[in-house]
Amino acid sequence: MSGNTFGTLFAVTNFGESHGPAIGCIIDGCPPGMPLSEADIQPDLDRRRPGTSKFVTQRNEADAVEILSGVYEGKTTGTPICLLIKNTDQRSKDYGNILDTFRPGHADYTYLHKYGLRDPRGGGRSSARLTAPMVAAGAVAKKWLAQQYSTVFRGCMTQVGDVVVPFESWDHVPNNPFFAPVANVAHIEAYMEELRMAHDSCGARIRVSVSNVPVGLGEPLFDKMDADIAYAMMGINAVKGVEIGAGFGSVTQRGTKHGDSLSPQGFKSNNAGGVLGGISTGQDLEVSIAIKPTSSILSPRESIDLAGNSATVVTKGRHDPCVGIRATPIAEAMLALVVMEHALRQRAQCSDVRVATKPIPAQAK
Amino acid sequence: MSGNTFGTLFAVTNFGESHGPAIGCIIDGCPPGMPLSEADIQPDLDRRRPGTSKFVTQRNEADAVEILSGVYEGKTTGTPICLLIKNTDQRSKDYGNILDTFRPGHADYTYLHKYGLRDPRGGGRSSARLTAPMVAAGAVAKKWLAQQYSTVFRGCMTQVGDVVVPFESWDHVPNNPFFAPVANVAHIEAYMEELRMAHDSCGARIRVSVSNVPVGLGEPLFDKMDADIAYAMMGINAVKGVEIGAGFGSVTQRGTKHGDSLSPQGFKSNNAGGVLGGISTGQDLEVSIAIKPTSSILSPRESIDLAGNSATVVTKGRHDPCVGIRATPIAEAMLALVVMEHALRQRAQCSDVRVATKPIPAQAK
Amino acid sequence: MSGNTFGTLFAVTNFGESHGPAIGCIIDGCPPGMPLSEADIQPDLDRRRPGTSKFVTQRNEADAVEILSGVYEGKTTGTPICLLIKNTDQRSKDYGNILDTFRPGHADYTYLHKYGLRDPRGGGRSSARLTAPMVAAGAVAKKWLAQQYSTVFRGCMTQVGDVVVPFESWDHVPNNPFFAPVANVAHIEAYMEELRMAHDSCGARIRVSVSNVPVGLGEPLFDKMDADIAYAMMGINAVKGVEIGAGFGSVTQRGTKHGDSLSPQGFKSNNAGGVLGGISTGQDLEVSIAIKPTSSILSPRESIDLAGNSATVVTKGRHDPCVGIRATPIAEAMLALVVMEHALRQRAQCSDVRVATKPIPAQAK
Amino acid sequence: MSGNTFGTLFAVTNFGESHGPAIGCIIDGCPPGMPLSEADIQPDLDRRRPGTSKFVTQRNEADAVEILSGVYEGKTTGTPICLLIKNTDQRSKDYGNILDTFRPGHADYTYLHKYGLRDPRGGGRSSARLTAPMVAAGAVAKKWLAQQYSTVFRGCMTQVGDVVVPFESWDHVPNNPFFAPVANVAHIEAYMEELRMAHDSCGARIRVSVSNVPVGLGEPLFDKMDADIAYAMMGINAVKGVEIGAGFGSVTQRGTKHGDSLSPQGFKSNNAGGVLGGISTGQDLEVSIAIKPTSSILSPRESIDLAGNSATVVTKGRHDPCVGIRATPIAEAMLALVVMEHALRQRAQCSDVRVATKPIPAQAK
């Protein structure tokens, strides 16, 4: 209710602050009997981990996950799974005058006015560090969905600042620090380097795609698959826009073009992005998100202090020049939580449903 | 849980089908003691009502709302408010062969595979007609928020198909059937007429703006103000994209530009769209949505029939050539429900919070 | 959230007041494809209906239910089922001075202090009349559970005031106006008649029993089957106590006696009342509830008026001398909603569970 | 949803198993700005702690609580409070043949059939040890309620097996290991000693009482104060019955006797137990619960093994001969969570309510 639980049937409750002793989450509702160990979770955390290249924050966290409960003899028990990640590099000294001022574009100001106090240590609860437990929880959901439906979650960067990144292949994504689906990232590196020297930051655009989603997931009117995806994506730190399928491009499409034709061999296009009427079609879920530039930058900014007077803010410390760079595994994980939730809901209400004719394939060849 | 309730503290449960006897909703959680009558609700329903121009469906519904409960001697009692809208023009004969086929871009296919059956009468539950009870519920929320905080909700069309509609003034919006903020809509009329003759449909882009939102509303991590807005907007029929503030434009903004400066006189810009860290800043909430072209069009489309064989679909009947035209009051209403929910949540958890310094004004002059 | 929705996966949202135009509910989450008509629901409503004997309120309501949505061509669609019951005999004139005073033992006083206003017409929202939509919703749940698991819900009166009613047979229950499981109810009639002449009221004890409940339903730690039953039962108007199985009798039982032995032929006793660790055992659910005497009685009572001064209250109008008499179908219905909820939850999380050995029978012969 | 979160606005999510590395909970929704440290929580945990007398399990746990998040510079931040209790004495060797059999009256059997597996280490998730985090969370709620309304929670044992314990004074409760409100507990000690020698266990009856509850808390129809209390109490391990106020005694009361008279000086009695129509009256909440005898006893019991064959079970290990003995602080804590939840709900919906006349005092002198 106070907004720290994601999902209902597969409910993930997140806790912790950037510079507290630990962060983590509790997963409630995981089906019992699934083999699970830290080794299933750690790889996704490692993909999100800071300190892995000079283009992300130099904070050095192992982000080692521990399973505190809910697994017995290597299998989930159906009871709450507590995942704990200890904070090990919570330096707090580098924050300049931000304790007494508000960073433009940052949650400093709103946290103070909501709660009456701020935890300035690394942004406290507003830090993107709190996405780590979600990546961990998402790994659990991914594993179950892979087992049940062979569902596959993939993401990549499609734009960073002014640099549009064309799609070449999913295979390139793990081979560069940007999650870019291209073989050669020299131009991205050059762009980021220029940005870093300018003490500035930039935005990014991320694409996430999910294959092998069963037809029929999503709960209209309101808990539509696409509505819940939008909720999940916009809830990620720094996200300012969400598109499904053709997204804003559908504004200029005509109906004769937008509506994806059906054939016995499959759908002929995927402007819908895998969702019609809020329910999955069986096609790939296609999601695109806009991420704003990091608000914590070295350049001086005009602001006010705690007393309400004018002030200039300079943010020192270790920050990502483009928070979008590490957003790909986060977006994948949140999407996995959405699909997991709806898979369970569908079993609850509709597991007796039988349709005379089989669904058509996702995509006509 | 099955997705027909919107909100938790101000919870609106929607029921009905396009061609059933009635549609409506129950509002649970409205604060007691607020004067309320049908006259507070009907004007917004009339703005959404079909049949008001030749550019929208010719279905002729009075959409007269009745308050069945929750109001005593002209005041809300704090108990559930049931709002009923009878269906009066539910002609079902005009649907051509769509009972046996699936319209490309329509929920026909997914409803069948989810529930094992379809209600083909006007799309049954998937009809945009089900937004009417939400407009009614939104009117109740708007009234309460106006009383408490002088909050104002406004929306307009900013693009229809290829026609970008510049913002001239909110004053023009009620004076044309498109909710266009311009004095002269001749070019829009011409565009729509051409579309209608071509038996086609088009998309649209809608802006919604909320003034006088108190600072501090929104529940991070997940029930952020912007996340809940995205959920609400993407849940509206035909919406494919949602932006807050600078939205996708923030991808190419630099941090020095995007972060809105603060001054004792107010914020200097509003790229944030009124939300930082998921919490309202006190600036106007600025939301933009993309609406896809109507899927029910007269042009023949390639599809399949119920047996899975190839078929050609032609949709007869009465449909909006651009569903975006009537979306403005719907988007306003859903936004009102989101703000209302968070206003109540804030009272629950944080009504004792006192901050030494007052919030800065929304906008520096 | 404001307490008018019962259940989550099978969610019933109740609306209306005793003397408003209509009462009803929306069921969200009913599995699709189940045959359903008013004829499935009306019999249970008729069992609860007032005016059927001189021992209950003489208010004469047909309590005819209408299905407004969620059923198409005689089958549930999986979308919200709205059930409407019009109020037809809402006489308001008989209330004496209760508009200006508070009835001892009645919700008058608390409603005013909670909401700042009262709807005095028949108790408004606090009236037991609001149980009628729950009886209707319970009938839907009963039908589905009967189809899936052959589950049977039965209830009877086991004590009325000082008269203990022994259990003879379920067959007698429908044959008398008290839901008494005995052939001869003359002594109950005499007791009630004496009470009526004395202008007084009395309490009652009701037993509800459910057979053919699958093993495994219930969600520990908190949404235990027995916890949710207690919540459902204590939420019925006038209920002051709830027992499962041996109930308060277990205080004086020893462990060697209380724990129900297991054998390959079944359980040897049922002190547990069908629940262990919050999860159904497969034995009959056995529930017993205490119902307080009606607070609206003709005898004068000491109280205060709206201004806070001493006053004497006499309640005129039509009231049940023992509200417990009509409580049996209500308790059955609420229990059906609890079991339904948990049946769906179990499908969501645990429908893949396979256990090597079959459950033992409910009861060893 | 899977039942491990208690409450909605003040939501406590519990995790862990009896013999895992740690147990704990996350509190989401605590109002910000309240001073809080481990010292506020530990005393209640110490009251519940095992190993403090020979009449409870000899498991020796420090039950030292750590606050992992949600508190900054000694004050709650309004973000999730994670409370961790490490398990330090999780001996698993003493369980005899219970791994292969089912204890009569124990959750062994139902857990296996629900989840398809069991965690036999100390009962795993079904252990009463999982009440410790709730006692910790309850201490946080108690502190906030004491600050806001001077609310006081008190509990005591009123019966143990056949021994009825009269109420002498709350002052005696902390001075004996039974939470008995009497000066001399020699007869209880003797009774327990006899029981222990007989290798048997017994039930108990506990009373909990809450003073200084504001009038107006509780959400009819379903989330009534008494319904939520019943849910909370019946959810405690081994509870089989719950009463509010006169409870089952109200069955034989007449209306003229049961209804508590009002006077300008206060209520004249409290048969209602502090709740009318599901809403608090301002009188003391009075709750009584029945606790069954411990199922883990040394005496041999008839049962079955995992293969479904007859077996005799003897439970070795360390168990409470009367689980009711340590139930008092648990019941207090759960009650505190219920009142806290409703206090926040009331602020959300009704904080503007003003009533012309002040509530009457709780109790006329």
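Order of writing sets the chain letters: A, B, C and D. Residues in each chain are counted from 1.
Note that a residue touches a chain if its C-beta (ideal position, glycine included) is under 8 Å from a C-beta of that chain, and two chains touch if they have at least 3 such contacts.
Every value quoted in this text rests on a predicted model; they were computed, and no experiment measured them.
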Hopping only between chains that touch, the fewest steps from chain A to chain C number 1
More Cb-Cb contact pairs, comparing B-D against C-D, go to C-D
Per the C-alpha centroid definition, the whole-Å distance linking chain C and chain D comes out as 26
Expressed in whole Å, how far the mean CA point of chain B lies from that of chain C is 39
Rounded to the nearest Å, the gap between Cα centres of chain B and chain D is 45
Two or more other chains are touched by the chain A residues 1-5, 8-9, 14, 29, 32-33, 78-79, 114-116, 125, 220, 345, 349-350, 353
As the complex stands, chain A meets chain B at residues 1-6, 8, 14, 102-107, 109-116, 125-126, 130, 159, 161-162, 195, 198, 200-205, 215-224, 226-235, 237, 239-264, 268, 271-273, 275-282, 290-295, 297, 299, 301-304, 306-310, 345-346, 349-350, 353-360
Seen from chain A, its contact residues with chain C in the complex are 8-9, 29-33, 78-79, 220, 344-345, 347-353
Per the touch rule, the chain B residues reaching chain C in their complex are 1-5, 8-9, 11, 13-17, 20-24, 26, 28-29, 32-33, 68-70, 72, 75, 77-82, 114-117, 119, 121, 124-125
